[in-house]
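Below are two complexes that have chain A in common, paired first with chain B and then with chain C.
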Partner chain A sequence: MKPILTVEDLHVHFVSNSETTYAVNGLSIKLYSQEILGIVGESGSGKSVAVKSILGLLPETAQISGKIALGEERLDQLNSDRLRQIRGKEIAMIFQDPMTSLNPLFTISDQMTRVIERHLHLDKQGANELAELWLRRVGITDAKRRLNQYPHEFSGGMRQRVMIAMAMSLSPRVLIADEPTTALDVTIQKQILGLIRQMESEVQNSVILITHDLGVVANTCHRMVVMYGGMIMEQGNVSDVFSHPAHPYTQGLMDSLPSENNGRHLVPIPGQPAIATTEPKLCPFLDRCPKSISTCFQKMPVLTEIKQDHLVRCWLVEQGGNDETI
Partner chain B sequence: MVRLILKRILQAIPMLVAVSIISFMLIQIAPGDPVSAYITPESQPADIELMREKMGLNDSIITQYLRWSSSLLRGDWGYSYSNHRPVAEQIVERVPATLMLMGSALLVSIVSGAFLGVLSAIKPGGWIDRLVSLGSNIAISIPGFWLAMVLLYLFSLKLGWLPSIGMRSIGVNTTTDLLKHMIMPVIVLSFQDTAIISRYVRSRVMEELKEDYVLTEIAYGAKKSDIYFRSVLRNSLLPLITIVGMSLPRLLSGAFITESIFGWPGLGQLGINAVLRYDYSMIMATTLIASGLVILGSLLADILYGVIDPRIQELD
Partner chain C sequence: MKLFELHGIEKKFSVRKSGVFSSKKQIYALKDINLDIYQGETLGVVGESGCGKSTLGKIITGIHTAESGKLLWQGKDLSTADKQTKDQYRSKIQAVFQDPYSSFNPTLTILEILQEPLNVRFSLSTHEKNRRIEEVLSRVGIDPGLTGRYPRAFSGGQRQRISIARALLGEPDFLLCDEPISALDVSIQAQIMNLLAELKDEMRITMLFISHNISMVRHISDRIAVMYLGRIVELGTAEDVVNFPKHPYTKKLLSSILPPYVQKEVITTEEMEEELPSASSVPPGCPYHPRCPHCMPICDKQFPSNFHIGNTEVACHLYDQSTTTVSRNGKD
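Coming up: the complex of A and B.
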């Protein structure tokens, strides 16, 4: 099957006068049609930077290399006019904080119809009707009246629904949701994730869901990628990764997940994720890894397939000894 | 919204009363005597005393103030000692000219200040930014009357492009003629505010560009010019309303000076001539009207705030 979105050997560096930050280091991702791909990682793991580089949303200080393709079209080589056509229309994005990601001085109708008119070339009335339709579809009652309200008249969860409606109204091939529920409380979080799943199956597009919450991935995604230090540590089907987490980092994330069933205490991963200021030569998780072996201090592990579609970057796996079955 | 406006209007009334008391007291403190305008070297002390009694100058200050303010309310603003015409009539004649000058200057400084501010925020440190910054530094440093002299020398005296004085050429009644007369006074009155506003808008826009909604708009394919001049500018203009509201007194006193340099037949010229001629009722009337205009201006600023920012109406 051909992927819809391909990211190959993506590197993103931020260069300032004093130092260079290596945010993404050789990331490769394939997104297939009608799937929800979860990207998991702590803050600073490079997940958000990676997806922002897909649409060219990073500041000018970012140096990006690698291949990014939507279908056959190379996004990293586009001129700005074509890129603007892709933004929203082909790849739409929703962001972490719905309280601030809408312009406070324009009505929902203003903001939605402007985007719809731009991409779907509808007239004002058609755009307004489509906006209303989508507000209803994401579960906003009294959509006609709500359309003429300002963002501050909506609650956080409602605003995220508006953002989803705005994204979906363009029927994009890919929806990127960058921590869409992090700023919302848990019950709302569940509704929003349910909505994203529902939209994905109705519109039949593909979704990249970025989160730091493994629970979100387990309930929402088909495949998942675990990122650390701007690299993929582990990748595979959600069921495979959850039943046989092979990387010590993934295992650590699982252990720090609250669970009602196994009665164990939460086990946090010691230390903080470090931001790389030199090009990584060894496993970025090394200084926090409880299971490191001597090989880890010598060279960078490569991403190895341990089962079909289940890939892990760890020297322990190479030696065949780290399948911790839960 | 209506409640907000009513509230602001009610708040403006005590302010006006306070201003009337202060301007009345200032006149009392000022050296000189209204009677001095009427006496000749031949006047006898008894005549002068009679005059004082007739003008009510021997009453207590409070009685004088109440008499003055109640006649103000009845629309009787007194007579000008210098030309013996009703003060109110002359003020009504003059206010439009001043409002026209101030309004145009305000418009010019907001539009050009906002435009230059956004332009320099697009690429901070770029050549446009440095040029605008240099220009505004110069503009803030040079005094208005000096610029007025230079402009007069250059464009009226040397090049002869622009008329040097007045509002209209005698016998000509066209808009072009009026605009020609306005160019220099408006430049002199607006250049400093343009500089201040452009600096302010620049820093506001740079702050505003960091907001999340800007990223949303980029991610949905908005053009850069749309983002800068539509979304971000509107958000940046909000606090600008306050700045402009606060700059009104300065603008008005600037108008007084500019009017007398360019012979613009407005309130400022009227006021300054009144001061030079000890024309008491005229001085008090112009002071009061000038303060009234400033209060009205900040009232409008408040209302405008509510119109532009939907969140303010919510608070009400």
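Coming up: the complex of A and C.
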């Protein structure tokens, strides 16, 4: 099967006068049609930087190298006109805080129809009808009246639904959702994630869902990628990764959550996530890893397939068995 | 022994109806709160945004004052207490908030920040002060050699440790933790939760732990209060509330938690809800009735009184035996 979106050996560095930050270091991702891919990571893992580079949304201080392709088209080589056509129409993005992505001075109708008119070349009336249809599809019943309201008249969950409607109204091939439910209450979170799943199956597009919340990934995504220090530590089908987490970092994330059987004391990962200011030569998780072995201090592990489609970047796995501790 | 007793606490805020020049209206942040907090316990408070959980913490710590009702500390009514009692009360409570960066003065070093509570509270020599600061910092896992640095030089988790250290310097009996881990990375959250749990055991501090993260609240709390639009709708032991929820809202909250493992049932859009009631438009009767799957004719007319089911108190008409025979057991 051919992937819809391919990212190959992506490197993103931010260069300032004093230092260079190595945000993404050799990331390769394939997104297939009709799948929801979860990217999990803590702050500084490079997850947001990576997807922003897909759409060319990074500031000019970013030095990007690598191959990014939508189907056969190389996005990293496009001029800004063509990229503008792709943003929204082919690849849409929704962010954590819908209030900051909506203009408070314009009605929902203004903002939705402007996008639709531009990309789908419909007239005002046609655009309005399409906007209304999509508001209804995301569960806003009183869509006609709601269209003429301003963003502040919507609650956080409803605003996020508007954002989803706006993104989906152009039927993009890829939807990128960057922490779409982090600012929402749990009851609303579940509804929004359900909506993203439903949209994905109705429109038959693909979704990249970025989150720090393992519960969100487990219950929404088909495949997942665990990122740390700008690299993939583990990737695979959600059921495989959750039932047999193979990387010490993935295991650490799971152990640090309260559950029925880990009692009064949680098992945190020691230390804190760091952002690399030199080019990473060793496993970025090394200084926090409770299971490191001597090989870890010598060279960088490579992503290794331990089961079909289940890949792990760790020397423990390469040397057979991940329970061995030295 | 009861450390705090809250009787019929109400708190209103006035907000503009629409623009800058429109008239003001009153919205209830807390309505008729009756609650005891026992010495040494950790009471968890959960609820969605706007339910009044932070306001409750601010009333108890004296940051806000209630419009009506009584707040008793060690049996003394704080609204009528003399200055000496109030000073005592203030010296025994501390708070840790969500964003440790905004609770520090960015122009002061960590040493200066931590000296402040000691300067106000105790007459100690500089040497003695620094010794105490070192002791507390080591306890929370911060290298005491770093006190010359400014808050910005520390990560979120470290700053939260420093704000816990600052709270501990005051030797509190009571610690308010208002979303203390919400801004932190997953791997750091467990570190801070363990630190809080250890401190609680070592120092027998009474804690009010407010969070929207129900699994973390369950993890650290002895009892849990569930709030909805300014009211406590369910109160019981952490185990009872989580494993045997009574109120339909508690059940809804618990079923919304996405556990960190793959479930058989995938999430669907069946239960999509339209605009939810907010604090500025609280529905009459039981405020949960428009969302409640068990809504009965009485529910939009009258707020239910508290019913005792085992050790749990629940404010829901379903449990009023004089009006209904609906099964009360089990999860929905």
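Throughout what follows, the second predicted complex is superposed on the first by the 315 of 326 C-alpha atoms of A that agree within 3 Å, B and C clash if a C-alpha of one lies under 4 Å from a C-alpha of the other, contacts with A are read in each partner's own complex, and residues count from 1 in each chain.
We adopt the following convention: a residue touches a chain if its C-beta (ideal position, glycine included) is under 8 Å from a C-beta of that chain, and two chains touch if they have at least 3 such contacts.
What you see is a predicted model; the values in this text were computed from it and never measured.
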First, second, both or neither for A:L253, with chain B first and chain C second: second
Partner chain(s) touched by A:G88 [first = chain B, second = chain C, both, neither]: first
Partner chain in contact with A:T141 - chain B first, chain C second, else both or neither: second
Which superposed partner A:M166 touches (first chain B, second chain C, both, neither): first
Contacts of A:D97 with chain B and chain C, given as first, second, both or neither: first
Contacts of A:S43 with chain B and chain C, given as first, second, both or neither: second
Touching partner for A:D185 - first (chain B), second (chain C), both, neither: second
Contact residues of chain A, present in both the chain B and the chain C interface: none
Complex contact set, residues of chain A against chain B: 55, 57, 84-89, 92-93, 95, 97, 100-106, 114-115, 118-119, 150, 152-153, 163, 166
Residue ranges of chain B in contact with chain A within the complex: 211-213, 215-223, 231, 234-235, 238, 308-311, 314
Chain A residues within the chain C interface of the complex: 42-43, 139-141, 154-158, 185-191, 193-195, 197-198, 212-216, 218-220, 238-239, 242-243, 252-259, 264-270, 272-273, 288
For the chain C and chain A complex, residues of the former touching the latter: 48-49, 155-158, 185-191, 193-194, 197, 212, 214-216, 218-219, 252-253, 256-263, 266-276, 278
